[in-house]
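Take a look at the structures below.
Two complexes are shown next, each including chain A; its partner changes from chain B in the first to chain C in the second.
So, the complex of A and B:
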């Protein structure tokens, strides 16, 4: 009897928590279809905010900036992070403590400290040399900095999971190091490369704080646009963009569920 | 063992090659992080010890002015504004972490009681909301808690808030936002701990007529401690430095350290003061990480607390 009460109580807490987790998102989606400019009263179903959204050049630009930033920073981080990941593996018997500290630094540093120290530094360098003007360039630099550790750690753990004798075999089979890289290394760590790229891409698209502090006047990304619209109190279209972004997350979730199923078969 | 004119042996040549390989693979990334993160952080720390000049930019001479300002010493004598902000950050971190733990325990346990094929899906359901951008999530709560919404009206009729004030902006909204933001980070490690739980111990406790509370406290809780620690690191440290949630949900009276720091680099410019705040945040972060490591080691069991 007591056991059943416990089970019911647990299930109750679960459903309430789930409700708590999804209500704010649900409200955004609901009111994006509201004909009135209100988040308190739902008047009529309408697509007016979506129509406005696609006519708003600033939003389209912000979306473009987000994509350019995510793709370019992920590519740079993939190359640099891969090299580090392999170096860490190949030389894992050496004392590389300083390297580990360096790699964990971007992960443990609070976002706000990360963003502000880069901003202050870039502003100072810009004042001295004219380089590093705030804009997409500085944002890419900042994003690469926080993406490198994740790529390096993913690639490193993939290498650790491999049979060490594979490397000897590859050495025997392919004479030149270039061939070894092209025919052996890249194909064997391909899954790690793909997941590292997607993780970097997601981290970049999702980032707000670091982008916010390193952005220039002309390089607002989607989250920055949304932020300033909320701050200015111009919110009607925000529900609509937010709904599209939630939709993208939902699609990603469904895909991840399907992959999960496949992986276990 | 090389002196000028020595014939390089095969061994020393191999060493040179290995070192060159190490430099080739590691240098680009290490240099990148050094130039674009270590140097900026070092610069920021330097700024904290400089004087606030006109336009809020740092100036010589070196001084401890900004740390004094952080403790409340200003032109007009002592004012506790900054100290309140500090205490509020600590308090919000403490309360939200505690509440997250209280919610996450039953949720994580519930998932382990479900059928195995459902578990990954249930976990995914907990995590998916955190995949949406944090600005959007905070905006969702703004919509829910603003004056005139059903929740605010309910709170007003119960006399919890003044009429027409709404539940946001407020400290309550910030706590709620923090819990919402960090819940998944606690559920995941706790779930991992529950999944490895040795049920024989729980069974033994029950056979010896331990009350459910005692059975939990002596047989379950110690086993989940590593997960709890990992979760606490993942929740408390970022919560202490949180910027977005207090900025959107807190208003002027809900400001936390992150906002104090950020404001010094934007509107009310005072870089040295902001930098001093950032140093405080760094110290808190490293104390937190260090403490967790120590406790994690004492717990033993070879369970490394994953950062």
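So, the complex of A and C:
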């Protein structure tokens, strides 16, 4: 009897958690299709806010910045993170604990600390050299730094899951170092690479704090735009943007999961 | 499915065109000369402590020993996956000590098979040829040819995930053979298989080797397997070679106690006194044909005759049966002679098999007695 009460209590926590997680999202999605300019009363289904959204040049620009930032930072992070992940695998028998902690530090560091320090750093560099003016370039660098650990971890765990004799089999079967990369390593970890790319992509699209501190006047991303627009109050237009972002991130996350699972088969 | 069906590769000589046969038997086999090979891992682990070994062209040669004896290290040095600290390796008259593995005409069948999970069976088979730059059409033909030779049947178009252990083993063998290497290395390729499939594949492997005339270097810790397969065996222990010879020589005339124990012999007795060929041990006095100067007497259980009762005679010992294990085709006896035990194996030819507690006479021929060193 008591066991059942406990089980019910735990199930209750589950439902409450889901309620607070997904009901707000559902409300935003719902009201993005509201015909009225209200976030409290739903009148009729309408796409008016989406039409408005696509007519707003600032939003289109912000959307473009977000996309360019996400894609380019993910590509750079993929290349560097992949090399780090392989290096960690290759030298896993050595004592590299402190080095790996250094790479993972950005994951646990508060975003605001990370963002402010990056900003201060870029400003200094800019003051001395004239390089690294705040803008998309600095944002890409900042995003790459926090994406790298995730890529490295995914690639590393894929390599660790492989039979180590596969590397020897490739050598034994006449594959030179370059051919081993092209014909063995990259195809073998391809699912992990795709998964890591989509994860980096969602992390970048998601990010507000670090982008906010490293952005320039002309490089506002969607989250930054929403933040500044919201100061005038939540409009259904914001709901529409949020809905599109939820969709984009969900799709990327699903791809990331699918490819990661395929790689572990 | 097709494990039993495809096992009999070499059973049907007319299954393949004659020209193909000529090509294969003409394949040049290479000899291997190893000299002074040393290898150590870290500061204290000596894997190889001065190995000199010559393997003849076209030989089925086995490296036999317990785990940690250095046999796998030696094989990895042959493959180029490990570099010796000292010594030289010559294959087919060419010094390849420093040559990286991807340039050596040596292929390996790995213990874990190491089939590439991202490739189909066909792509796995063609991998080595592709890396050497063979055009796709020719690769395809080669794969079909080897699939026919190893009787892979429809396995070629499957995915690696869908193969059983025996099928993987066969694909791994085909993937190495297709490159027509000077030397084929096999690292305990059958150890992951169950007993039935294992003995079946032993026969299969042996036939493939005889048919191709290729030099095979085979690593195992199983002395039965080594004896069935090999032209010659090298027994290793502690990074050194203990004995090299054909299976009968290694089994019947082991040079020392380690080899004798490893080949499965338990009847070893220190010689306390000797007069010519008359040797005194804890068992009593026995005459050997050629005693040699070893300190240990080896009596192989299967050379012993058991006569009922106490019978006087040359090389006769009186013993009591303390244990009898009936095995159908033969029976194994544990006998007590004073405080010393002796094991005997007797073929079951329908004669009387002594019972536990019975007094018997053990008779052994002088030519079956061998002495060896510690």
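One rule holds for everything that comes next: the second predicted complex is superposed on the first by the 220 of 265 C-alpha atoms of A that agree within 3 Å, B and C clash if a C-alpha of one lies under 4 Å from a C-alpha of the other, contacts with A are read in each partner's own complex, and residues count from 1 in each chain.
Assume a residue touches a chain if its C-beta (ideal position, glycine included) is under 8 Å from a C-beta of that chain, and two chains touch if they have at least 3 such contacts.
This structure is a prediction, so every number in the text was calculated from the model and none was measured.
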Using the superposition on chain A, decide if chain B and chain C clash or fit. fit
First (chain B), second (chain C), both or neither: which does A:131 touch? neither
Chain B versus chain C as contact partner of A:113, first or second or both or neither: first
Which chain, chain B or chain C, ends up touching more residues of chain A in the combined arrangement? B
So, does A:100 touch the first partner chain B, the second partner chain C, both, or neither? neither
Identify the partner contact of A:60: answer first if only chain B is touched, second if only chain C is, both if each is, neither if none is. neither
Which superposed partner A:181 touches (first chain B, second chain C, both, neither): neither
Geometry of the superposed three-chain model: angle at chain A (Cα centres of chain B and chain C, steps of 10 degrees): 100
For A:194, using the defined touch cut-off, is the partner it touches chain B, chain C, both, or neither? Pick first, second, both or neither. neither
Overlay on shared chain A, then closest C-alpha pair between chain B and chain C (Å): 7
The shared contact residues of chain A with chain B and chain C are none
Complex interface listing, chain B residues touching chain A: 18, 21-22, 24-26, 28-30, 32-34, 36-41, 43-44, 47, 103, 106-107, 109-111, 113, 120-121, 124-126, 128-129, 131-137, 139-144, 146, 148-149, 180, 183, 212, 237-238, 240-241, 243-244, 248, 258, 261-262, 265, 271, 274-275, 278, 281-282, 285, 289, 307
Of all residues in chain A, those that touch chain C in their complex: 162-163, 165-166, 168-176, 179, 183-184, 187-188, 190, 265
Interfacial residue positions of chain C with respect to chain A in the complex: 79-81, 100-103, 106-108, 110-112, 114-119, 127-128, 130-132, 161, 175-176, 179
Interfacial residue positions of chain A with respect to chain B in the complex: 2, 6-7, 9-11, 13-14, 17-18, 20-25, 27-28, 31, 39-40, 80-81, 83-84, 86-88, 90-91, 94, 99, 102-114, 116-122, 124, 141-142, 144-145, 148-149, 152, 202, 206, 208-209, 213, 222-223, 226-227, 230, 235, 238-239, 242, 245-246, 249-250, 252-253, 256-257, 260
